[in-house]
Structures are given as structure tokens and as C-alpha cells.
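Both complexes shown next keep subunit A, but they swap its partner, so subunit B is in the first and subunit C is in the second.
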Partner chain A sequence: MPTTTKSSVLIVDDEPDVLFSLKGLLRRDFQVFTAQSGAEAMEVMAEQDVHVIMTDQRMPSMTGTELMGKVRAEHPDAVRIIFTGYADTRAVVDAINSGELYRYISKPWDPDNLIEMLRDAAQKYNESIAESELLDQLDAYLTDAVQLASSDDPADRDAASIEKFKSRTDQLRGYLQCLRGSDA
Partner chain B sequence: MPERQPALLVVMIDTASLRWHVAAIGSGAQVIPLLRSEDGNLDEYRDLEPDAQLSFLRHRFAGVLQRGCDRLYPKQMKVSHFLLIADGHYPDAQPDTTARLAAHFVDWMINPPVTYLLHQGEFREDSVTESLDSLETVAGELPETVAASLWAGWAEMVELLSQPDCWELIASPPKSIE
Partner chain C sequence: MRASPVRVLVAEDSKVMRRLLVGYLRQWDYDVVECVDGEEAWQRFQSETFSIVLSDWMMPHVDGLELTRRIRASQRPGYCYVILLTAKTEKEDLITAMEAGADDFLVKPYDREELRVRIREGERIIRLERELVEQNRQLRETQAALVESEKLASLGQLAAGMAHEINNPIAFVTNNLAVLRRDLGEIVALVDKYEETRQYIREAPPGLMDELAQIESDCDFSWLRDHLPELLRSSNDGLSRVRDIVNNLRDFARLDQATQDDVDLGRAITTTVEVLRHEIDEKQIHIDTDLQPVPTFLGRGDKINHVLYNVLLNAIQASPEGASLKIRLSPLPEAARIEVEDSGSGMDSETLGRVFEPFFTTKPVGTGTGLGMSVSYGIVRDHGGTMSLESQLNCGTTVTIDLPLASARSSKSESPA
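Take a look at the complex of A and B:
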């Protein structure tokens, strides 16, 4: 599960005033990183724990869809969003159909709606991490639970072992709550 | 979510200088100058094929509208209607470029709605009368309330065009894949 209070968002656009404006809009709700190119974005992704990446489609050197292909390969958990000035249909439809995108949005968007969409994206990231952790830990947890229930060895039931097991149980419950939150 | 005051977002397009200004008209005909481009901000389309010209203009103006929305947000205002007003057709473009550009925005942007207007010649403080008969609607609807707000704010908005310091200058991006 992410440990930071605010979810982190990386905004990628080759126009500095767009980045400045979006940073001002989002910084109250998110930890915001910015990049002016696909290459710079990949550097930020390598150095920071980015939950959501949102990129302009039309940039010199590397398009938004090309960048999202790289992000998907190297940082598959990051939730990916492309924005563009108009229906740049072929590239964006290809990207959506190949599973590289969470959302495609066109300008102009309503700032309130953008914040809401990024909150949803951050929640999706949290759910994805929770699901992954749950699946990773559940098998070992159940094995240990059976062991604990059937063991005759008092050492398996001392206070420290019980406390450790409770802690693992709480952690798994936390993941479950995160996933159930999405159904509510 | 705070209650935001509705405002018209007006993009005034100068087809001789190929530049634009963005203003808001709020309640009580309050005119708020927001953004302006450099001269020649649009001129990249002139080197392109017809479809690419249209694509460039669509993309550029979508970005302009986005910036306008962003600038209104901290003022606790929200766009209720977009108005794109050009003072003529685009030089060196196909004759139907204006109509196709206008139709694109009207078709794709429903909420808030868009109206694309063609002004007869250079913008002047007195060039629009209450009847708005010097403005031709190229695409979209022009509700009476929107027309009344535009008329109420027109003279001040045009007067501000001659005061560059009132507007936030948006630097033109380097020529790109647009």
C-alpha cells in the first residue's frame, strides 16, 4: 500500500505554462511532478514513486502513446492517462485497445472534473497495489494459519507469534478494505 | 466543491496577425482579460496540407480553451459558454476551413457549448451593435442571454485589446509535430 498521504501524479507536456497551470491546480490534492518530454518523464518515473501519469499526446520526439508504451513496460502499476487537443483517434484508440490507458481525455476539461478523475485514478492505483499484495501474501498466510491451528508446539502460540500473526491479519484486512471500497 | 460563478469564455482571433486573445465576461458584464498569444502564434498552419491545417487549428484552439478554463478556476469562475470569434477567414487556407473548424468544436464540445462567430473585419469598440448583426454565426447556437452578455462586454473587451499588459502572454511553443 502507498505510504504517502497524497497520491503522486506526474504531468507531461512540452508547454511549460500548461505544466505550471496544472501544478497550481493539483498541488493541494496531489504530490505533483512535471516533465517536459517523454525522456524526462521516464527519468522522473525511475526516481520517484509515481502513482498516476498524465501526458499530452502531441509532443516532439516522443508522443504520448509511445511514452505510455514505455511506462507500461517499465512501471506497469502506474495508472496511465493521455490528454489531447482533439480526437486524435487512431493513436489513442490503439492505445486504449492495447490496454495501455486508463483514460483518454480531450481539452478543454473542467478543472473540477479533472481533479475528480485523478482521484479515481489514484484509487485505482491503490486497489491495484492492494490486490497484488493480497495475492502475494495470502497463500503463505493461509499455510501459516493452518500450521498455527494444528500445532501442538507452545512456541508457535507465544505472545510474540500471536501478535505477529494479528499484524499480518490486519494488513490483509487493509488490502481487502481497499478493494471493497471500489465496490461501494 | 465551491460554487463557481458562470462566465462566457471569449476567444478573439485576429486573422491578420494570426494571434488570439482570451477574455471572460462574468455576471454584470464584468470583463476579465486573461490571455494573449504572440503575433504569428497560428502561422504554422500555412505550411501544411489542408487536413493538417485543420488539425493544427483544432489542436491549438483546444489548448487555448483549456488555458482559459484553468485561469478562471482560481477566480472561482466556471465557463458556461465558449465563444470563438474570428475577424475573418484564415489566410492561405481552404475556403471551408472556418466552417469545418467551427463544426468540429460545436460537434465535439457539448457541455459547455461552443458558438463560432465570424466578425466582419477588424475588431472595433463600436463594430458590434446590440443586434449583433455584424457577427455571423458559423456554427453553434447563440442563446439570447449569451448574446446580451457579449454585447454588454464587447466595447470594453475590444478596448483592452490595445493594452497588452492587461493580458497574460502565452509564449508560442516551438514548431512541433502539429
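Take a look at the complex of A and C:
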């Protein structure tokens, strides 16, 4: 389950005024990081646990879509959003279609919509993290189950071990039911 | 050969000579007007149009030379070829005649064939001159059209550049206002809470309490508290107007290269009319639609709606109360034509010439951005179509939009970016 701490958002724009302004808007709902270029953004990504990255498309040296390609390769869990002026729409639509992006927002954005979208993005991040944790647990569970089935060691089959295994089974089943419930 | 007979003015005081001349000329199919002297010829010349003047030199009062001078000094349109007839043979005479503006010089007694070829020569010069005038006219028209489209194109470029530059500051200023609105509300709540708490503060130094009272009265805190939301709201409204202008400029400058759909033009018209229902009913305008079936059109439906909206809104605003408005949709070969005809205030030619210029408006300040028609023009152009207006002051306006239906539209790369 997601913790109660704020989700972290990294904002990338070459214009400091935009960064300042967005930090003011988002500071209460999110933990906000900022970067003025694609390179700086990659440094922040390496040092911090960033859940959502939102970048301007048009920046000198590295465009938003290029940055998102890198982020996808190196930090695949981070949810990627581009906010753009009109002129670059084509590149952004291509990026969404090829799976590079979660969403895009056109500039100027509506502040309420932006917060809403970032919340959705953060939730998506939490869900995908939870999902991958669950998959890891399932994987470990199956490995243990196979081992248990083929084990000759009576210690593996004593009452305590069986009980422990049962509770693991129940816990996993519970998670799965939760997941199925939220899908419906 | 000749489309219409060439008009020749003959000025000759000798009856015999005149008869002879006129006889020849009519044989050769010229349209001849004969005058008995220079004065009569001058009168005729001023009120009618002649291509060739054939004048005797020696005449009483207004002689051939004087007639020639007057013809050259007159402002009548088109060139007139002047041949002087004379018995004089001296070289100085020829120079005098040519200097007065005569084109040719025929010595009496002249021979019939010589007269014929000399007049033919004059006719040839006149024909060349007319062709030149026509070509000049066409050149001027083409140049005017080029200047017009260049002007619109460069304005479009300017608009696109501006839109992009203005976009970023609008974005963060809008955002800052939203932050201020939220945070100021809390600051006000904080101050209010302090206010509530103040009566319980017993141990504060009196100086501090005085300062507090002074600041409070200086900033007129109760006014601020009541009006801060209004200040912010009004700033926000202003900004959203700027944002709309920028959006419109963007539309004018270039179509965002987004997906295109099959647009049902008839449906687009009826929905736009519905959108404008309030304006239509308010002025009790009767909408008369004649929508013939046309094939669907590949383009941006939202943009086409935008064009229709602008055109219809203008037509409604130009119409007097209770007037009727005709909307027609008809198929052309490989195109669809939309016509919107109002019987409203119309435009003079100067206004008509500037209708597609960005920021040109006849509406009162603040009610129109002056972008509606230029934006529409840009959209239609980007769809490979044409948009034209016909209007007469006080007689109404007809807007005609032709949109190509065939795949023959690849002009997008030519649009200014």
C-alpha cells in the first residue's frame, strides 16, 4: 500500500520562472524537484527517487522527447509527462503513440487540471510499484512452493512451516483479490 | 481581323478632299466621323473616343497643328494616333508637326495605297499600345494580389512568433495567480485568526500593539480581505482573454498538424447554427438554409466549425433585427461551396480590402479581437481552400468558402510557420 508521504515530481524547463511558478503550485501536494535542462534532470533522477517527471518539450540541447527516451531506458518506473507549446505537437503525439509518454499537457496549462493529472500520474506510479512488488512476491512464493513440493527434508513439513506457508498463501490471495476488485 | 471597327476622326475643310478620304476609309471598314474644321474635330474628340485622327494642316481658326497640340494635352484615356495631311514639303514643316505631337505626316496629293498603309501603321501602333495597357493592368493586379498574400503570410509569421513567445509568460503568470489565490486565502485566514487572538494578548508591549493598529489601518485590511478575490478573478479573466488571442493567432498562423477526419459539412453548418441559436433568436433572425448533399471533406472538423462560427457570427452581427440569413452548401467539381449571405450593413471597398488582416476590426474596442476573419482565412487556406467576400455598403455581404474534396491538397508545407 502507498505510504502517506508525498509523491515526488521532477519538473524540467529551461525557463526558471516556469519552474518557480510550478514549485509554488505543487509544493503542498508533492515533493518537488526542478531542473533547467535534460542533463540536469538526469542527474536529479540518479540521486532522487522520482515518481513523476514532467518536462517542457522545447529546450536547447535536449528536447523533452529525447529526455523521455533516456528516462524510459534508465528509470522505467518513473511516469513521464510532457508539457508543450503548440508547435511541437507532432513530436509529442508520436512519443505518446510509441509508449514513451503517459500524458501531455499543453501550455498554458490549467492549474487545477495539472494537479489532478499529476495525482493520477503519482497513483499510476504507486500502482505499478505495487504491482511489481506483488509480482516479485508471487515469483518468490512459486519458487518456494516448487522447492517444498520436491523437498525430502521433514523439517520443511512440520506444522510451523506449513502454517507459515498457509499464511503467505492467504496474504497473496488477499492482494490478488484486492487487485481484481480495483480492476472491476 | 478586327474585333470592332477602328474609329477614325477626319478633320478636313475641303469638301472634295474630305469626301475622298472618308470614301476610302469606309471602303476599308473604318468607323469614320467627319468634321469640317479643327474646332468641330476638337469638340468631337473631347466627347468621344477615337483611335486615329486624320487632320488637314491648313484649316481656319483651329488648324491641324493646334488640334494636334490640344489632343496631346488632353487627358483622354488611351493613345490616339495623329496623321497630318499637308501640301507642305519642307523639312522644317515636318519637324514642327512632329514636335506638336503628330505621329505621321502625309503629303498631298497622296496616293490611295500610301494612305492605306500609313493608316494601317497607325492601327498597328494603337493595337500594340492597347496590349501594353492591358498587360500593365494585369501586372498591377497580379502585383496587388501578391502584395496582399505576402502581407498576410508575413503577418502570419509574425503572429506565430508572437504566439510562441507570449505563451510561456502567460503559462507561468496564470499559474502564479492560481497559487496566489490559494495561498492568499490562507494568509487572510491566518490574519483573521490573529485578530481573534489579539484580545487575549495581555503582555504585549504597547508600542508593538500601536504598530499593529497602524499597519492595519494603513493597508485597510478589511477592504483587502473583501477585494482580494475580485482582484485575482479579474486578473485571471484578463489573462484568459490574452490566452484566447494567442490561441487564435496560433490558428491563423498554422494548422497544428493533428489528425484529420471526414467532416460532414452539412452537419457542421447545422451544429454551428445551433451553437449560435442564442444570438440568432435575440435578433429574431430568420435562417434560410439550402444544404445540398456533398461528399465528406477530409480536414479538421473543429477548425471548420471555427470558421463557420466566425462567418455566421459576423453575418448575424451585421444583420438588422428580423432580417434573414441565407446559408447554402453546394457541390462543385471536386470541391464543396459554402455561401453565407446576409442583408446587413455591408462594407465599403476599403474595409473589404482589409477584412483578412489580423487585428483589423470594425467592432467597438473590447468586443472583437480583429482576428476572426484572419483566423478563418488561415484555416481555409491550410485546408487548400479559398475564402472570398463580396459586399456593398448597406446591401449586405456574401462570404464564399470553397473547400477541395479531392486529394489534391498538398499545400500545407507552403503555409507560413
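Please note the rule applied: the second predicted complex is superposed on the first by the 135 of 184 C-alpha atoms of A that agree within 3 Å, B and C clash if a C-alpha of one lies under 4 Å from a C-alpha of the other, contacts with A are read in each partner's own complex, and residues count from 1 in each chain.
Operating definition for what follows: a contact is a pair of C-beta atoms (placed from the backbone, for glycine too) under 8 Å apart; a residue touches a chain by one contact, two chains touch by 3 or more.
What you see is a predicted model; the values in this text were computed from it and never measured.
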Superposition on subunit A - do subunit B and subunit C clash or fit: clash
Touching partner for A:Arg90 - first (subunit B), second (subunit C), both, neither: second
Touched partner set for A:Met59, first subunit B, second subunit C, both or neither: first
Which of subunit B and subunit C A:Pro108 touches, first, second, both or neither: both
Which superposed partner A:Glu100 touches (first subunit B, second subunit C, both, neither): neither
First (subunit B), second (subunit C), both or neither touched by A:Ser21: both
Contact residues of subunit A, present in both the subunit B and the subunit C interface: 15, 17-18, 21-22, 24-25, 85-87, 107-109, 111-112
Touching residues on subunit A, where the partner in the complex is subunit C: 15, 17-18, 20-22, 24-25, 85-87, 89-90, 93, 107-109, 111-112, 114
Residue ranges of subunit C in contact with subunit A within the complex: 160, 163-164, 167-176, 178-179, 183, 243, 250, 256-258, 417
Subunit B-touching residues of subunit A, taken from the complex the two chains share: 14-15, 17-18, 21-22, 24-25, 58-60, 63, 84-87, 106-112
List of subunit B residues in touch with subunit A within their complex: 1, 55, 58-63, 65-71, 73-74, 78-79, 82, 104, 108-109, 170-171, 173-174, 176-178
